[in-house]
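Structures are listed in the sections that come next.
One chain, chain A, links the two complexes that follow: it is found with chain B in the first and with chain C in the second.
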Partner chain A sequence: MEKLRSIPANRRADLLIFLVLALFPLAGSAFYTQLLTKYMVFLILAWSLDLLWGYAGLMNLGHAVLFGLGGYAMALCLSAQQGVPDFMARGGVTQMPLWLKILSNPAAAVLAGILIPALLAWLLGIFLFRSRVGGVFFAVITLALAQVFNLFIQSQSVWTGGFNGIGGLPGLSLSGAPLGLGQSYYFVFLVVVLVYMFCVALTRSRFGMILRGVRENETRLEFLGYKKASFKAAAFAVSGALAGLAGVLYVPVNGMIAPNDVGMEFSTAVVVWLAIGGRGSLTGAAVGALLVNVLGNALSEQFGAFWQLLLGAVMIVTVLFMPRGIVGTLMHRSEGREKRGEAQERG
Partner chain B sequence: MKRKLCALAACVAMLPCLLTGCGNGKAPAGQKPIKIGLLYSLSGVTSVSEKQLYNGTKLAIDQINQSGGIRGRQIETVFADYASDPAKAADKARKLILDDKVTAIVGTCSSSARQAVKPVVEQYQSLLIYPQSYEGQEHSKNIVYVGCIPNQQAEIFVNWLLKNTGKKFFLIGCDFIYPHVENTLAKQYLAAGGGSVVGEEYVPYGSTDFSSVLNKIKTSNPDIIYSELTGDSNVAFYKQYGAYGLKATIASLTTNETVLKAIGTQASKGSYICVDYFKNVQNDLNKKFVQTYAATYKDGTEPSYAVMGGYNAGLFLGEALKKANDPDSTQQVLAALKGLKIDSPSGEISIDASNNHAALYCRIGQVGDNGEISVIYQSEKTIAPKP
Partner chain C sequence: MGEILRTERLSVSFGGFWALRDVNLSVDEGELRVVIGPNGAGKTTLMDLITGRIRPAYGKIFFSGADITGKSPDEVAAKYRVGRKFQGPNVFENMTAAENLTLAAPVHRTVPSSFLRAAPCGVTEKAGEILEQIGLAQKKNRMACELSHGERQWLEIGMLMMQDPKLMILDEPTAGMTESETHRTGEMIRELLAGRTVLVVEHDMNFVRQVARTVTVLHMGRVLAEGPLAAIENDPEVVRVYLKSSKTEEEPGHAGA
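And now, the complex of A and B:
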């Protein structure tokens, strides 16, 4: 029991969430198991943004671009399993280009889906942070990036399926054998747990401390001799790799990917999950991603046409009264109380 | 407080239960109702079209229920809103099939949404009735397509325009599959009929600035602007075209009565539209339908080909449920749909058993000075679908 108490409250909360996720398929229906598989993929995406925004203080309004790169790499791979995909054939493509042949190997697609977004994030980071772009300017540039990427995907319809996206893709399979619903669920669950452990380790490491330093006081960090641009670019790259991984998993789980999933709208959605759940604790990201998606689904079933308005109202109320997000506010209050308690003891 | 955080985590952890605890409206006591899923977006970018499809389907099913239902059993509709997001459409279709156990689903509007739902209905051997006109080139044994396809619409339209208006065409559409396929076909029809293409432009979906496109149209001097613009882009194009003052006439495959209200008469008069149904189709059934529609819906929508697509989908489904021995069996309903004939306000139409598409009339209308569409051409009989 003592040992359990020594674990921070939010980590215990994480454990509880994982416990429920682990048990859900035993009680839940097939449809909701499938839906929750998708939401678990969103957990990875939420954490990847939390590393960047919550820990390093860099709000990325184009996070779905990194997710989309991973997603499209996987979608192209899955659609090219039986030769030239339909949407390419419609555009007049008769032979598989070399890059698609390489990408049609699932292992290559997974690697590309993780490395390409990481590389893009790192390069962007180097350019932006060396030239001291930060704060709201970083947000605006990434927002523009999301819009550009969305238009690019839509305009290159021969290679990307355009507005309609790439659909009808097979589900998860391991060495050729397709996984069932429960198997897919637990496979994704396993990946989510691994990513979580990685994120916790990263934020506790020296690297994580430096990132928090970047967020709190950049100048002091520079005086201490750290090259903050390199650290920020590295954080961006790690975040990109995880977002790409989320995209790679999303495509077989979802069966399709479309420009909707890579543009401004979805990027903003990820930011909203974090704004509602709370930043810089990983727990907040998980709570936000699950809460918003599950609530959105439940509201759309109960209230028909105006469910998005209700969801919007919930968001506004949260941001107005809990600007640190739900988990952030709870943690902040508790810290305040502990400090007051200590002060009284001393007094 | 740590307790508080744990309590919160517990709440979040309970969320999945929220997922499972939702029920839909219960049907009145008596015989078990037949469950049908309605999968439409009443929110999002395609909601203007889908509201009309939804109204049509809902009206058809309500009328069937009022006149005694299916051998005494009522049809219970389970509605799902997919917010114009294809991925969500697939999710909701799965929910309707697995959790609500519906006999069939009526719905989806854009080709991307239909294509997202296709693998789902195929996987679970379910049935989707697709109410919208589309570009053809698809055949799923689990989908019945009741909207018109190019050989029932564009082919006739292009040849009619060549004969009656002019030879030089400017092709314009939003940048997604449907306009690309339609325009590719239009080029084939034009080549065969002796017409020419003087320009071809695609704008991003939802784009509303047409100044550069209008300039290109002006310099290429076409007789006809052949358009598959949809949604906001369509309305904006008509308005800017009206303000710009071009002599070419717009010929559209996608404009309808509801959209015309948003465009206004000034910008649209004289333009041509080709679809399978107009509000002003002359027959007794349609007269009654238009009256009922106006009495039922006061939401700004007008009876249009979109409303009729949704309505026909409901009528076909109702007849098939009556014909099937066991209306809860999707396979029997699917079998009953093949070759099925119905009397609709758009005429006597049927489902082609060989390809699951509907045989429909082709009609061309022109917008008059009063903003009403008058039917200036109607095919003698229904045209067999060739997807």
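And now, the complex of A and C:
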């Protein structure tokens, strides 16, 4: 019991979330189990943005681009299992190009889906941060990037399926054997737990502390002997790798990917999850991603598109009255209570 | 002990205005040098040049024999080991006092060395010692933003001690402090930084008297005078441009407070 108390409050909340997720398929219907599999993939995406925005203070409004690169790598892989995919054949492609042959190997697709977004993020980071682009300018550039990427995907319809995206894809399988609903769920759950452990280790390490230093006062950090651009680019790269991994998992879970999943709209959605849940604790990102998606699903059944308006209102209320987000506000309050308690004991 | 810092004809101009012109400064190892001068004399500009925040129009800066003119702030800090305390507390606000010190430790300062790794053992102990010395041991888990103004100034001095530089630059370490806090800071600098090479920019003459041996007076971007404090205080030129004017400036301020 003592040991449990020494764990920070938000880590205990994380354990509770994992417990609920681990038990859910035993009680929930097949429909919701499938839905929650997808939302668990979004947890990885939310954490990947939290590392960048919550810890390093870099707001990426084009996060779905990194997610999309992973997703499209996996979608191309899955669609090329039986030779030239239909949408390419319609565009006049008769032979598999070499890169697609390579990508049709699932292991290669997973690697590409993680490394390509990481590399893109790193290069972009080196370029932007060395030229001292920061703050709102970084956000605007990434926003533009999201739009450009979305248009690019749509324009290259021969290779990307264009506006319709790539659909009809098979679900998760391990060494050729397709996984059932529950198996898929627990496979994703396992990946989520591993990613979570990685994120906790990273944020607790000296690297994580330096990222918070970047967020708090990057000039001060520079005068302590740190190359801030390297750390920001590295944070961007790690974030890109995890976002790519989320994309890789998303495609077989969702069965399709389309330009909508990689543009400005979805990028903004991820930002909203974090703004509502709270940044810089990992817990807030998880709570935000789950809450917004679960509620969104339930409420859009009731209210249809009106739900978007509700979400907008919730967003505004959070930003105005709880700028730390739900989890951030709760943590701040409990810390304040602990401190008052200490003061009373002493006084 | 020999010379550790030397500037040669150091000059910088901002849009045609010479903020510093032909400044030759020499600081010996282990020396505590105070730089004084009226507002706009170029004191902070001089510190900005030494730590690489801005580049000179011409002139050179030598540190430990190496030419560090135009090097980036992180290189000046990491490779040449020059530490700087900024004007007004400049700390990591939403991090605890202990974390502020840990981050200042001159270890694992690159991406590969810090990635998924903890700070080497010894850093926490060192941080604990310094927290005791700067009087913040009881508040080590407080966020910097919850500390008082004076405590944050001390925290930043502690960060500098943690950084363990060969040259410490303190830009107005007592700015905004009460009289007793100022005195305590003076004691802190005398005791904790004894034997270190320290370059202090200060306005408060009581503080200067408390800590200084050698004083450099800057005026309108040039070195007006340099020497032992007693000689400086009796230099008619210095009295005319600085000491007298700073006294008349101080009077209404004291009346107001």
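Going forward, the second predicted complex is superposed on the first by the 334 of 347 C-alpha atoms of A that agree within 3 Å, B and C clash if a C-alpha of one lies under 4 Å from a C-alpha of the other, contacts with A are read in each partner's own complex, and residues count from 1 in each chain.
Rule of thumb we're sticking to: a residue touches a chain if its C-beta (ideal position, glycine included) is under 8 Å from a C-beta of that chain, and two chains touch if they have at least 3 such contacts.
Nothing here was measured: the structure is a model prediction, and the numbers come from that model.
On the shared subunit chain A, the superposed partners chain B and chain C are arranged side by side without overlap. In the superposition on chain A, A:Leu224 makes contact with chain C only, not with chain B.
When both complexes are overlaid on chain A, the residue A:Gly213 reaches chain C alone and has no touch with chain B. In the superposition on chain A, A:Ser173 contacts neither chain B nor chain C. Between chain B and chain C, an angle of 140 degrees opens at the CA centre of chain A in the superposed model, to the nearest 10. Contact with chain C, but none with chain B, is seen for A:Leu202 once the two complexes are overlaid on the shared chain. Comparing chain C and chain B on the residues of chain A they touch gives the larger count to B. In the composite built from the two structures, the nearest CA pair linking chain B and chain C is 17 Å apart.
Residue overlap on chain A between the chain B contacts of one complex and the chain C contacts of the other is empty. Against chain A, in their complex, chain C makes its touches with residues 51, 72-74, 77-79, 83-84, 86, 90-95, 99, 102-104, 106, 108-111, 114-119, 159, 163.
Within the complex formed with chain B, the residues of chain A that make contact are 9-10, 12-14, 16-17, 19-21, 24, 27-32, 34-36, 38, 90, 151, 154-155, 157, 162-165, 167-168, 254-258, 260-261, 283, 286-287, 290-291, 294-295, 297-298, 300-302, 304-308, 326-327, 330-331, 333-334, 337.
Interface residues of chain B facing chain A in the complex, by the touch rule stated above, are 1-2, 4-6, 8-10, 12-16, 18-20, 22, 24, 42-43, 79-81, 83, 85-87, 90-91, 94-95, 98-99, 110-112, 115-116, 118-120, 174-177, 180-181, 204-205.
Every residue of chain A that touches chain C in the complex is listed here, in rising order: 201-202, 204-207, 209-210, 212-213, 215-217, 219-228, 230-231, 234.
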